[in-house]
Each structure stands twice: as C-alpha cells, then as structure tokens.
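What follows is a set of structures for review.
Next come two complexes, and both contain chain A; in the first it sits with chain B, in the second with chain C.
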Partner chain A sequence: MKSHRWILMFFLVFMGSLLILPCAFADEKEIKIGVLYPLSGAAAAIGRDLQRAAELTADIINNGAPGVDIPMAQWKGIPNLGGAKIKLIFADHRGEPDRGADLAKRLILDDKVVGLMGAYHSSVTKTVSAVAERYGIPMINDSSTSPALTQRGFKWFWRATPHDEMFNKDLFELLKGLTEGKVKGVKAVPKKELQNLAYACENTEFGSSVAKSIENYAKEYGFNIVTKLLYSANAPDLTSEAKALVAAKPDAMLFTSYLSDALLMIRTLKGMKAQTKFFWGQDAGFEMADFAKTLGTDIDGVLTRTVFIAKVTKVKKVAGQINAIYKKKYGDDLTGATARSVVGVQTWAYALNQAKSTDPKAIQKACNELNIPAQELVMPWAGVKFDETGQNILGRGLIGQYQKKSDGKIDLEIVYPFELATANFIYPFPGWK
Partner chain B sequence: MLIIDALLQGILMGLLFALVALGLTIIFGVMDIVNFAHGEFLMLGMYTVYWTSLFLNIDPLLALPASAIMGILLGLASYYCFIRYLLRGPAIAQLFGTFGLMLFLQYFAMFLFKTDYRMVEKGLLVGKSLSVGPFIFDWTKIAAGLLSLISFIVVFYFINMTKTGKALQATALNKEAASYMGIKTDRMNALAWAIGGGTVGVAGGLLVNFYYAYPMVGILFVMIAFACVALGGFGSIKGVFFAGLLIGILEMVFPVFGQLVGSDFLGPHFKVTIIYLAYFIIVVVRPQGLFGWRQ
Partner chain C sequence: MEAIKDALNFSDFSRAERISLIIFSLFLLIFPLLGAGSFTKTVMIQFLLFSLFGMGWNTIGGYGGQVELGKAQYVGIGAYTVALMMVWWKIPFWFSMPVGVLIALGYSFIIGYPLFRLKGHYFAIATICTSLVLKDIFDNWTLVGAAKGIELPIHEHPDFVYMQFKSDTYYYYFIMVLFYIGLFYMNWFRKSKLGYQLRMIKDDEDAAESLGIDIRWCKIKAYSIASAFVAVGGGFMAVYNLYIDPTSVMELSLSIKIALMAMLGGAASLWGPIIGAAFLVPLDRFLGSWLGGYKGLIGVDFMIYAALIMVVSAYQPRGIWGIIEQLRKRGS
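And now, the complex of A and B:
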C-alpha cells in the first residue's frame, strides 16, 4: 500500500514537471517580442523595409554574423539568458491607431510577448504605448519622433531615436549656418534672402507636432512663417496645397510627409515649376529608399533630415558592415528609418541581456540603466542612454541633401552637422525647369 | 485670377472624379449594389497602363485601351463568377461580398506587384506643363480631364441613344417589368459591370500619368467616388457628372478663397470637410441627391 503511495507521488511529480518544464525551457530558449509596423496600407512600403531590418538584426543576434565587429554579432542568442533566441512577432497596424492598440492587447494577452517595439507612426505609437503602460509591459520605440510621446510620464516606454524638436533645431541651425557662412561650399547668405518660410505638414500627430515646433523655432531664430498648411497624407490630390505654397513665394519650403504624399507633393510642385531657395523634408517619406528610386533626378537639391545616410558607412565601420549585409540581402542601403529599426532590436537585446530575466520589472530597471556605447551602434550617435522620461539623450540628427552626380545618379550627401559634411551644399535649390 | 486658375484646375480634376464614380453609379443604378471593390478596379487600371506602356515601350495614353479592356473583363468576371451568386443571398451578403472582393484584389495586387510605388516615367505629356499667361497646367491633367469628358459622353450616348442602353435604363427602373418586356436582365447586369469596370479602368489609366500606383491607392479615390454618387443621386449619370465637377471645383477653389481672405483656418486642410459639408447639406435638403428621383 505504502509503495503504491510512493509510485502515485512519483507519477504526480513527474506529470507536474512535464507541465512546468517546457514553460521554463521555452522561456530560456525563445523570447517573444511583439513588433507593430504598417505592413499594409499607404505606408506598406516603409513597413516592409522596417520589418526586413528588424528581422536581419534578430538574425545577427540569434545566429551571429562573423564580419561584424560588435559583441552582439558573436552572441548567438542572449548570453545572460542561456543563449535564448529573440523571436519577433510582427503585427500590421496599417497606420491606424485604434487597430494598433487592439493588436498590442492581442500580442500581450494571447501571444504573451515579453515586450513591444514599433510602431513607426507616432499616432499609433501613442495608443500602443498606452496599452503597454496599462499592462506594465516594456515598449522600446525605434522610430516615432513626436516629442509628446516621452512627455507623458510613462514608466514602461523608452525611445531610442531623437525626436522632432531635436531635428527641427538642426534645421534652424542649418538655416542660421547658411546666413553665417558655416555651410560647406556656400558663402554667407544675407538673412533677408531666407527670411520667409512656408510649411506643409501632414495632419496627424507626427506632422502637427512638427508644425508647432517649426513655429516655435522660427520665432526663436527670427524667421517669418508666411504660409502654414496642414493636409491629409491620404488626399487624392494636393494641387490646392501646392498652389498655396507657390503663391506665397517663400524663401524656404518645409515639409513633413509620409511617402505617398511626399511623392505627390513633389510631382505636383514640379508640374507648377515651383521656385524656392531651400527645400527641406522632415524625414519619413523624404528619406525612404522608394523616394529617391521613384523620383530620380527630380529631387536634386532636396534636403531631408535623417539619422542615417549611406555615407555614414564610410566613416563608421560597424555601420558599413551591417549595411553591407542588408544591401546584399535586400538590394538597398539602410535608411534613417531602417537603421533605427536595427537599433530598436539591438536595444531590446542589450536590455534583455542586462536584465538577465524576462520579468517586466527587471527589464524596466535594465532599460533605465542601459548604456550602449557609440562604437557598437550603426548610428552616428554618442550611444543609447535613456533619461527619466525614457528619451535617449545620446542620439543626434543629420541633414542630407540629394545631389545629382556626374553619372546622372542621385546620391544623399551629409550637409549637417557641418563637421561631418561629405559634399558642398547646393544653394539655392535648383528647382524644376 | 487665382480663383479662375483654381476653377480650371478644379474642373480638370472634377472630370476625372466623375469618371471614377461613373461605374459605381451605373452598377448601383442597375443592381442596387455598392461595389466596394471599385477603387481596386481603378488600381488595376493604373497597373495595366503602367505595365503595358513599360513592356511595349509605348506612350501611356496609347495603353488606355488595354486598361479599358482589362476593366471590362474584370467587371464581367466579377459578375459572372461572383456577384451573380451573391444576388441569391440577402443584401448584407452583397455588401460584405464586394468588400471581400476589395480585400482580395488589394492583397492579390500586393502579392503580384509588391508594395512599391510605381509611376509612369516616360510619355508624350508626362512631366510637361502648359503655361498660358499666369496659369500653369500639367499636360497630363489636361489630357485626363478631356479624355474623361470624352469617355463620359460616349457612355452617356450609349445609355441614352442606343437600344441596349435603353434596355439597361429599363432594367434600372424596374427589373421585373423589363424582364416581362423580354429584356434579359442578367445580361444587363453583366453589361453594367462591364461598363463600370471599363470606365474606371480608363480613369485609372489616365490617373497613372500623374499619380502613383500602389496596391492600396484605390481607397483614396473611392471615398470621393462614393461622395459623388451620393451627392449626384444614387444611380444618376447626369448627377455623378455634376457632383464630380462640384467636388473638384470645391476642392480647388475653397483653399484659394481662404488664401484671398487671409485666413489660415480656411486653408487646404479644410477642403475635405467642405466637400462632405456640401454633401451633408444637399442630402438634408434633397435626400435623393442632385439629380436622383424620389422613390
């Protein structure tokens, strides 16, 4: 009788361990991170590129990449978690904030992800991060730049990219630099020749926050805004917006656009033979690979703020190595958006490694104390280190200019910061004949 | 001067909007079905001209017949392979059915053409402008406006002046009575889908001269098309023509008006609101739309 009891006890313990062990095993071998990107809808082309960059980075972490000179490329999994592999679970929010929030809930409750990443559109990141905050799940944002996102007092949200306030300041520093003769290849331009600015920004969270910031900086730096336009990025026609810009005859045209509206705006302005001296776009549509591929030489002289330009690969070894793998696999160079996706997954990997656990509180602590050195990033940043709001304080922006080369091809050259300039600045903007 | 410029630009875009909406109103008029996949027919029309002009190395305008034929075939295939079966079910099944067709065509296009943005780069009129005094017009938009008008006239003539067209109208007015008179209403339904597909295919072919083709492009234009159909009167061809023009003109003139008044508030960002406000007012004052008739 007694022996029967022991057999029963052993059987129960054995069965129990069968139930428990696989969970523990799975915890160690696979770490699920939910990644929300716009994989269909108007921003699908961008979403596809972001997904590729995130997958490639996860692959480098999980399987190693011999030619890449950073510790992460030799890890083959997360070292402090027993070599556990990162598994990215992608969800398509189509650029819709409410859909993003629903998907975040699904990823947290059904897929049991350890944390979230994404969501590219600031408007979607806003709702997704609110869900993460409610459930106490960490979210690392790679490429949403609305300043308001890190001004909400959230405890579970960290942003690796610099935000638009920082980028807009760069724009005005460049304008100021032009008037002071600091720009490579251009003599000082009298300020009155660059006094009048006009902006056209798409009307969601991203564009409207940039618009406000441009107005504030214009006041601070002593420029006038002659035309202020907010438009729908999904408009079937932008003729009236382009007309309003052309009619105002501004010295500088400033844009905040996603890809489809950036393409349409330039095509429409070209049709009107628009003239201005300075033509700047706030990243997003202006720096996607499809932008240059589709418009070709029509964008000679167009400026875009970004955080990564293929030329960075010439001055930064790691950037060149990872870019080479990406280009070999997908045919394009990394862009500001895709390079930030690389940094997003990398930040996740470093945070997990430092946390030594998948417990949300441990990850939270790790994120708050994280410090990724500059030499381990593809970005020309001083590193990744978050302040108390969750904002990376070591990031910085670049301004690039599309320039037509002697072989007829378009290349993106760094023109700001002045000390990193890789080519002479084309001024004034050549326009369209 | 600014107002005249905006008016002329508005007329050109309005003519194209009207052509996009024409097929939608014909299908609704004849069969009482809202074709949610209409925008995707437009998208496939854009791709047809894009690929035809690229592979045959011909001017995109010469590739227009290809987009018309594609539209007609797609309309017929949709009707005979899909819609005809939906008619047996409740109205809600028809609604969800065309919505499903929309999703299918979107993702099928994504599978075939990827999500890249494609534009016609070479062509007689592509990238060229016409300067007349202070006005600058995009030649591709002039061509789109004029060819839309011609397409509209051809369809209008066909429906009002030919025996088959009159049979189509009879089917739209009273299907049962038309059937008693010996009209094969099933064929008339198919004809409505063929005309609907053909006209929107041509509209897509005209559009790709100055707009980018990508799998989700249809939704941008189909919303305007729905507003045109409702504004003009469900099923009314004359109505959709004037509603298209009205929307095109409102979209262009209103922001210029704001500019002349010197108000940022009345800028281009408000233009879509004005379009739907006009729609709202007309629907309240004349629920049947501008040219629809009371049931």
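And now, the complex of A and C:
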C-alpha cells in the first residue's frame, strides 16, 4: 500500500513539474535572429570577423559585461521581453545572391527567426531583403553600403550604416580640404596638382555603385577622372589593371576592393613601383585587420574610408571598453566592418526591447521610432535613427591613414573629419622605393 | 504526332529504369505535400533547375562530345530578357521567356557558326572566352544595370502573369513542368536523326563526314538547342530570385557547374544530368549550410565536395551512371 502511495506521489510531482517547468523556462526564452554573412569564399576572412563581433555583442546583451558603461551591458537579456536571450543563427551565403535568398527562406520558414541581419555584400543584401519583404519579416542591415538598398521603398528593411554616397562625399571633402589647407599638417596643395583621379573598383554591386558615385562627385567638385576600371574581385591576376593605372599617371588613385583583391592590387602596384600623391581605398578590404597585418609597412600613407578606427577608443569610452573585450578575446582591434556588426546586433536588441514583442509589426513600428543615443554606441555617430526609407540619418564616416610609427609598426590615424584628426596627414603618398 | 509518341516512349529502357522513373515522378509530384522544410524545397528547385541545365548541355556536350564551358552566357540572356522586359515595359513572364529563348537561339547561331571551326580544347577555350566577354559587356553596360544588376519589382499578391508567388511550392511545380518537358524532349532527341548524327560525330568525325553528315551544321543545331534549354532556366532564375546581376547568371563558375553536373552524372545518357544534379546540388547546399553555418566548420564542405568528384571521376570517367551500369553488368 505504501509503495502505491509513493508511486502516486512521484506521479503527481512529475505531472506538477511538467506544468511548472515551462513557466520557469519561459523567462529563459530565446529570440532567434538569422545572420547571413560570407563565411566561406573570397570574403571569408571578413565574414568570420563579422561573425565574431556579432557573437560577442549577443554575449554582452545576454550575459552582461561589467566593465561596459552602457545600459545594454547590464540587461542580461532583453528586459522588456522577460530577459529573453538573443540567439544568432548564422548562415553562410558565400557572396552568392541566390544562395543568400535560399538561406533567408530557410531562416524565416524553417528556423522561424524573428528577423534577419547581414549580409555584408550589397548584392546579397538585395536578394535577402527581397525575401524578408515578401514574408513581412524585419531585416536590419549592418554593413552593406550600396545607396540603392534604401531607395526601393521597402517596409521591412532598415540600414544602420551610412551609405557610399555619404562616404564618397567625405573623400571629395578631404580632397577639397587638401587644396584649401584644411588638412592637419599639410599646406594648401594647388588644385592642379590633384586634378587627375583614377579609380579601380571591383565590379559587383558594391564597387560599381561607388564608381558611379565617384564620377558624379568628381564632376561636382571639379576633378577629372583619367582612368576608370572595373575588375573582378576574384581575379587571380590584376597586372593589366595595375599597368593601366600606372600608365595614366594620376594624381590620386581610388579603389573599391574586398580583401584578397586589395592585397593583390597593392602588391602588383608595389612591384611596378607605382607613384601617385593620394592613395585611397573605399573601406571593405582596405580596413580589415588582415590588410594591415599582411602588408605591414607597405601601406604607409594609404587612406581608407571607414566608420571606425581603433583611435576612436581613445576619445569614446564605450568604444574603448567593447574594443578591449574584443581584443582580449580575438587579438584584433574592432574595425569599421566589425564595429558595424556590433551596432547591428545592438540595434536589433534595442528594437526588440522597444517593441516589447517579437511580433513583426511591433518590431517594424519600433524600428521606425528607434532612437539610440550617441553615447551608447561604439561608433563616433550621432546615434541610430531611421528615416522613412529605413536609412540611419545619424551615421557618419571617417577617413583614416595608415602611418608608420617610430617603432616600425603601422597604425591607423584619423585624418577626416578634420576636427577629429589624430595625426598629421602624410602628403604626398610616399609610394614604394 | 510521331515525335510526341517517341518523346513519351521509354520502352527501350530496362524495366528497372522505367519503374525507377515512375517512383521518382511520383515522389516529385507529392514532394511538397510531404511537409519538408522550406530549405529542402529550395534545394529541390535548384536540383530541377540544374537538371534542366544539364539536359541542355548534354545535347552538345554529351551526345555531341564537344566540351562546352560557356553555357552561363545563355542563362544570362534568358534571365536578362525576362528581367529587362518586365522592368522596362512590364511585359509578362509568359511572353518574355519565349523571347529570351529566341534571342538565345539567334545569338547561339551567330556565336556557334565561327566557334565550330574549332575542335577539342580550342573549342572549349573559345566557349569560355565568349561567355566571359559577354559577362564583361554586361558588367559595364549601364543600360542593363551594369554590375549593379536588375531588381524585379516585388508584387504583394501572387501573380501568375508575372510569375510572382510568396510560396516556393508554385515555383517548384512550375520548374517541375519545365523539367518534364526537357526530359521528354531529350528522350525524343536521343532517338532523332540529329541525335544519331551527333553520336556518330562524337565517335568518328571523318567517318561521319564520309557518310554525308554536315558536321558543322549538326553541331551548331545541337549547340543552339542546348542554349535554348539553359535560357529557359535563366528566365526562371530571374523571376525566382527577383534580382540578377552578371555575377550570379553569367559567371564562369556557373558554366562549369552545369557541365560538371552532366559529366559527373554521366554524359550522353538521358539520366546522367539528373543523377549529377541530384548528387551535387544537395551536397553543395546542405553541406554548405550545415557545416558552414550551424557547425562552424567553414570550408569543409568544399573539401568533401571536391573529394567526391575526384573519386567518382577517377573510378569511372563515364560518371555515376557509368558506375551504375558497371554494377548492373556485374550483377547480371
């Protein structure tokens, strides 16, 4: 009889626990966000860096980070969603738009994600965001800079990063500043000495839209373009492109490249002892950690457009704190791309917290009304606030210059905006002897 | 009438093959009802699409024995015709796709005529070059969107005229119909006069010529048929992905993939391209997604993919179908 009672007790406890446990776990709910990055293929190095930064940010949101002085680092989950944790589900699109679209469908329909983030390549972001738009699922883009992305009238797409039009304007403001003597450490350069520009841009969506924008701004600011080149970022050899650039003898060489082609281009130009006065790269390959690591002092004087430079950490507390955690874990400083990945996940967290729900419509409303203050971002931006097209209107770009220091190491210094300059500008570009 | 009968007549295949075809067809028919995930559905769509591409390639590459590595240019022509006609003039898919096929046919005649003065490796290299040149033109041609590509407008409601559906099931059945049209056509083609002529040319060009076969004309015809096949697939890609750029529809890697699937499955056999696509597409998509995304083993899928291709081609140059036939002979 006694044993029967024990069995009955056990059964009741078991049934009770079945009822109670789900309630206990309810607080530990996960919010799945699908993140599409190029984790293999030509842009794999960048993709993996982006993945790390996104994972680190999710970890800060989920588990807290005592040394980081922003509210998000104390949340330990999304406060308005009962402390629910963010779970990032990564998908590798390899830089292929059709693969990106298929993976987006998998994330939305099979993995049942609340929303999407990514996809780095503007061409992939186009197909992924089209899938998100069809299914009415929010997508926050962290680092695709093709201006066209926010000119499509999409209702489910928001972009935290400034786009290439904004960045290219910065380039021409810097060139103009050089001719007007506004640049730190350089006397005004006569405009005729900087008149002729040449560009070589990789030929996908990203590079070709930068090329077009450079042409427009050159006209507006009164510069000539003497050579226009579009090339394949996967090309195993860039000798003919480099020869064409050298032959044109431009005053400034402008590039839009991913990592492998940026490395190849500089090595080829070095081999030809190419000479120019101004050497600028439009972010992407030029500002990855591996770019400086691989080329070392060969890039003394090279400029890169970016949105984040390690020096920002000296002037911005939160940037320094998050950068310290990233560097401790992965050995590198945050870059423009990885810092934007941090902001991407952060924007997702703020949007979810403001929406107080995982319902797409609530998130849509939250994104449209979102306003993340400047002091809570790692970026030197005025904040994150989207306009009616989904574009963040408070972002801004930086231009950095790789400079060889007295200890022989290469460091990236801010040279634009002029008021944030951290070092004298090296002009003209020293080139390769 | 005779041609339709021939296309539907599979009696020269073994009983096992016919039963397999019926089971396979039943599976394809009920697949969307089996409750598979959406990713599996996209993989099945890719499988049917690449089977169609492979069948096209098989006419000139398999039966004709010409190593053709430039099919992507015709995928591009099909895709761009559909996309541009839809964006510029809002012309429905059902009209723009046949126009794309006609343009591909015309272009393939123009390209094919000088191309078939070449033989062997020289022909293969020339096909790669023509494809690369066309891609470069599209990369820089602003009128067609240059490297930025073309985005098709998204229709909020399902639209049969413009082939826009939210659910992949519709696309699945549509590509399945195209797949069967391709399969029946190929079944007719292999028994047609041109089919026999091509096999003869493949075995011995001089002997074929001595029998009065116009070798160059036969090759051009087969090349154009192959181009029409892939242009149909290209048109489908445009409405399915809603975005095309020269990199996604004209890249050399796409040409190689098309040839590889047919060759690995078994060139010059009706089932070869289907088997090749059934083998490589899921391998590529599932392994890439599973190892690269979920498990963090980035790049491992490439190694497995490459190793399998090497093993199959080293063991049996006639591909997987060759292995199956070998096993069957051993069994009997």
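Please note the rule applied: the second predicted complex is superposed on the first by the 405 of 433 C-alpha atoms of A that agree within 3 Å, B and C clash if a C-alpha of one lies under 4 Å from a C-alpha of the other, contacts with A are read in each partner's own complex, and residues count from 1 in each chain.
Note that contacts are C-beta pairs under 8 Å (C-beta built on N, C-alpha and C of every residue); 3 or more make two chains touch, one makes a residue touch a chain.
As the structure is a prediction and not an experimental result, all values here were calculated from the model.
In the three-chain model built by superposing on chain A, chain B clashes with chain C. Looking at the shared chain after the overlay, A:Lys273 reaches chain B, while chain C stays out of its contact range.
With both structures placed on the common chain, the touch criterion links A:Ala91 to chain C but leaves chain B unconnected. After overlaying the two complexes on the shared chain, residue contacts for A:Lys76 are found with neither chain B nor chain C. When the shared chain is aligned, chain C comes close enough to touch A:Thr127, but chain B does not. In the superposition on chain A, A:Gly207 contacts chain C only, with no contact to chain B. Once the two complexes are overlaid on the shared chain, A:Leu103 sits against chain C while remaining clear of chain B.
In the superposition on chain A, A:Leu230 makes contact with both chain B and chain C.
Legend: residue contacts after superposition of the two complexes on their common chain; A:Leu259 is shown touching chain B, with no touch to chain C.
By the touch criterion defined above, A:Lys385 lies against neither chain B nor chain C after alignment on the C-alpha atoms of chain A. Clashing C-alpha atoms with chain C after superposition occur in a single stretch of chain B, namely 95-103 (options considered: 41-49, 95-103 or 185-193).
Counting contacts as defined above, chain A residues 40, 44, 48, 203, 230 meet chain B in one complex and chain C in the other.
By the touch criterion stated above, chain C contacts chain A in their complex at residues 37-39, 42-43, 46, 139-140, 146-149, 151, 154, 166, 168, 237, 241-243, 245-248, 285, 288-289, 292-294, 298-299, 301-302.
Residues 40-42, 44-45, 47-48, 203, 228-232, 234-237, 239-241, 243-244, 247, 259-260, 263-264, 267-268, 270-273, 290, 294, 296 of chain A touch chain B in their complex. Residues of chain A that touch chain C in their complex: 39-40, 44, 48, 89-92, 94, 96-99, 101-103, 105-106, 108-110, 123, 126-127, 130, 133-135, 146, 148, 152, 203-205, 207-209, 230.
Listing the residues of chain B that touch chain A in their complex gives 2, 5-6, 9, 13, 106-107, 110, 114-119, 121, 127, 129, 131, 136, 138, 140-141, 210-212, 214-216, 219-221, 224, 251-252, 254-256, 259, 264, 267-269, 271-272.
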